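Two complexes come next, and they have one chain in common, chain A, joined by chain B in the first and chain C in the second.
Take a look at the complex of A and B:
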């Protein structure tokens, strides 16, 4: 017994985790061999056999599609603006949380907080760095650099806007301003280049972002409608939710692509990208409604009774007491749905022919200089890396948010 | 009073919207002389479905029916394979073996966060057309399968059809009755039920009797020059779609299985250990039955997703319901009736599936105290 206790840690660890029994040992050897083979194959594909020129040459097409050269500056300004906005929002929220006492003001040093951000965001940072290294012009470097600076400035300015001194009018101005920035930037880009000319990964991100913003209010309304005490409203909402959930998204996109024109007057027929956004919104709202309904059911009855007891009107009971708790309780499911919406934006390429990332990856293998070389493996790997990075980061952030909001603890 | 006014306003708005859309539809179709009825179902389809002997002159009705069958085929095959793979990976994630659990975690995290469409396209363009050999030097896997970029040939029954399916159904019913009988015997006398063994035996016996009585046979695929003979050749598009659906759905099922196993109270596993069950017995008799009770509703959702996701086969030329509908519309059939019919069929499949899942859920929930 004593002898084992004195053995080195690694041996004890291996015995406990790899060779507990003969069967365990066999599993270790078989799957160890498979792992080594997979690692070898991956490394040799990335560094030796993979021909990544096709990505280097087409990087721009992959990221922003055929966005006109003359207007790229608008995209640069938008990226920087969004970075500043994101930093500002982070600082603003933080200040409000500190004020309401949910987060301790001090105690964590700057270094610890930077380390925390590094732990959270190293993966997307590495991928962005990889993209920058692949690019052949200084433009992207400058953009990312300026965006970083803008984000830091925003983060430093943000807390001042969260101060109580501002009063109700000041707060309202800040809130409206926060909402207006992304909308303004959107119009800034879209007045120059209508988004039917957008493409690449940017289009995937944009389609997802639009549908995410739009599906939330609709989903909440549908969920409340389905739980309503008014029978007719309930029937309408339930029918909508069940019909949409029964049909495949791909068929809905096909239908919107060829048949939407029949249902509205010619003057109102939307462009292809708009149709995609409409379908994504209507589709995700039905799923979101079911998730939110689950959240509504998980709010204890006592909460509603307490709200009634203090004399809140039904609208306020829902808005101030029930809905915040319901939404908090189902954060993982909601983010999961949003991730799957983001992944489903590839369907818009297949069903509607939008020039999004998946379509670009298959299209560039048919270019004259790369045709017939079997480069589809490389291009699809690149697309997979892009989607994977965003989705994985989102799901990790959702776990963190869940922990921070204390789901299942409070 | 206010409540009724509110409801009437909502319903009125919805009805007005529907009337407006329908009116536009009637006007637009009348203007362009597009029929709005289902008469197109009797027109010739004018296209051939790969891997199907249906002639191009057959009516659209038959083509849609074949598409529906293809959707059901890929769904059933995918559901079975994804459940097995997903369960194994879900268990592997909780393994005490470090390499096994890490490998399973990497699989789940890598696959879950990539769009299914990428797997479907990669399955066809990278795996089948890129990795698989040409038919001349096809891989013959122990005489059981022939793998080439023209598809995968596997052993199959001769003259298989609804007859064999009927025998299988009879066998399954017999197995169910025997299992019920065994458990009632066990309740009365206390002997071990061994229902699985008995039911499996009953199924095999019934199936063997039917097999011999109706003279079924099976054949192995062989390479004959530039084609395969015998067995059944699985189309590249079927193989790619199957591969993609199974890999993708298994990663989701694995997470559900893992969560459900973790939700089984620790005491159950400890109790199994304390009565000296082996690792397999502990999993099979104690943990998994309780875990699956928790897992049935979310796994049922994954089945529904898989069925709906099989419509992505249209992207790689697998003639499922969606691609048949798409092709029909491309050949000039009216789009709205075709897609309306397609959606109704999908909704019916979904409804039947959720009825089955709900039935399984109720049965398993009843076992609880």
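Take a look at the complex of A and C:
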């Protein structure tokens, strides 16, 4: 009886929403057919016709490029180190927030918090699992397993550093230490394998991470500079922003690749990847500056007046009152710009010949056993999935950040 | 306009007799518009001066000149012996001694109520956090909302926000408090709670200049009432004289319009 009631409910729903008029019915049938056909084609490509062995065979090339076999252990240690660092940072920040009363200490059970992490990270987790299933050696499994354990340990240890009262010396030690870990790991890897031998998706991630970290402070300085009362500072910042925004990124990358040698002696020209990072940083900083300037203008005048009236100096007015509000107001645009930067790292492959993911995907279709078989569809789909996973995760995390920072504002 | 008529018993400052704020021949221009013309006013320590007048008469501009939210174009402003000049350190010194409460509260929306109150003592006076928190809670108790300390301004009613704003100003232990139409943006039922807080403050001996349309407050609390129109001080007097026996036609007209 329940079933019939349910079925008639579904029929009523279908009639109301899909077949209300003859035109509705026709549209439903046409788009239904197109959707079904697309789903069928996609599924058959993924599960039947797709030649995914090209990914399986070249997985390592796709992920880390031609990184020398002998030094892969350094990458493994780096991944594990970064996982521990990330876990530690999460635990540390959480403990600081609890300490300052911004986040309630109790009330959320362990299960609820694990569920929360699951909701946040299920997509990258699924993709990592997919990659692991494609790999033919135990190395990646061991790496990911150890990284997970390291992250958990870091998360458990982090609060011990975050909970106690940190004096100026203590906070300096913690912040320098936290900054030193990724930098140290970078040097650990780069001293063994020169930057130009890095490749694959790892290179995309690394280029983007460096440029994101560097372009952010530069963008803030440029935005503040453009609003400065000092004419020279204002002119310099405005000129820089307008010049850089006026040139296509691709052209700037080509310039950095080809033309730099005309102006600078060869011995002073940094490696290709370093030049790419510099170009990405300088380019994105100009855009970030304008986004942040928009945020600065969105802060009401009354806020600055109140900050002045309580006696804050101009630097503190900006640092404590104006900038925090300005940056929060433009989170969506900022993250959009950073996602764009991440995807633009593929341009460095074409303009500078870096062996990043997109270049790898085209290169492997020319391998002897795959040549001339039209497998570009498989490789490009793989690249798209990788980029989409990271971009989508960035986007979701930014929404979360926005919500958390918006406490009590709206 | 004739020379401002001043009541004999109101010429001199009330209170302790030493001038906390002095404005001498102050002019202020917004482009071609003369917002203030030859403003002369002395406010004694512990005195409460209420400034009234029609909108656009320069009341807000006058008190905003005292802590340099507006820059005056001519004349001299002295706060507690410090002459206001273009030197930023000088301006900072005067702002530290001067609290200001705004019509639109202007609380910092990204900081908790307690942090709103303690930010300036911590960053400007270099007070340790624990001590600043203690001071902050004391002040929040004074304005009767200690239970809201960990909330954010957006979660409070207008009246509560304005009381937090008063606590925030007091946290710097100012010698002077400036109020710029503190109840004009409030719903009627919340005006009372803010005025009560201000009355307590006046009773505690704070030197106050209050721009307001609350005539009841002026009558009850003011030592002197200043009436401004068209950027000039038209009349100064005690509340009794002012409300019952105003001298100037302009004042009479204004009072007949609002009372």
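FYI, the second predicted complex is superposed on the first by the 376 of 410 C-alpha atoms of A that agree within 3 Å, B and C clash if a C-alpha of one lies under 4 Å from a C-alpha of the other, contacts with A are read in each partner's own complex, and residues count from 1 in each chain.
What we mean here is this: contacts are C-beta pairs under 8 Å (C-beta built on N, C-alpha and C of every residue); 3 or more make two chains touch, one makes a residue touch a chain.
These numbers come from a predicted model, not from an experiment.
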Contacts of A:391 with chain B and chain C, given as first, second, both or neither: first
Chain B versus chain C as contact partner of A:310, first or second or both or neither: second
Partner chain in contact with A:221 - chain B first, chain C second, else both or neither: neither
Partner chain(s) touched by A:134 [first = chain B, second = chain C, both, neither]: neither
Touched partner set for A:405, first chain B, second chain C, both or neither: second
Chain B versus chain C as contact partner of A:98, first or second or both or neither: neither
Partner contacting more residues of chain A (chain B vs chain C): B
Doubly contacted chain A residues - partners chain C and chain B: none
Interfacial residue positions of chain C with respect to chain A in the complex: 67-69, 88, 92, 95-96, 98-100, 102, 104, 106-110, 112, 119-120, 123-124, 150-155, 165, 168-169, 171-172
Chain B contact footprint on chain A (complex, rising order): 17-18, 20, 24, 27-28, 31-32, 34-35, 229-233, 236, 243, 245-252, 254-255, 258-259, 261-265, 339, 343-347, 349-350, 358, 362, 374, 376-377, 380, 383-384, 387-388, 391-392, 395
In the complex with chain C, residue positions of chain A that touch it: 101-102, 300, 302-303, 305-314, 316, 320-321, 324-325, 328, 405, 407-410
Sites on chain B touched by chain A in the complex: 3, 6-8, 10-11, 14, 21, 24-25, 28-29, 34, 95-100, 102-103, 109-110, 112-118, 121-122, 125-126, 130, 308-309, 311-312, 314-315, 322, 325-326, 329, 335-336, 339, 342-343, 346-347, 350-351
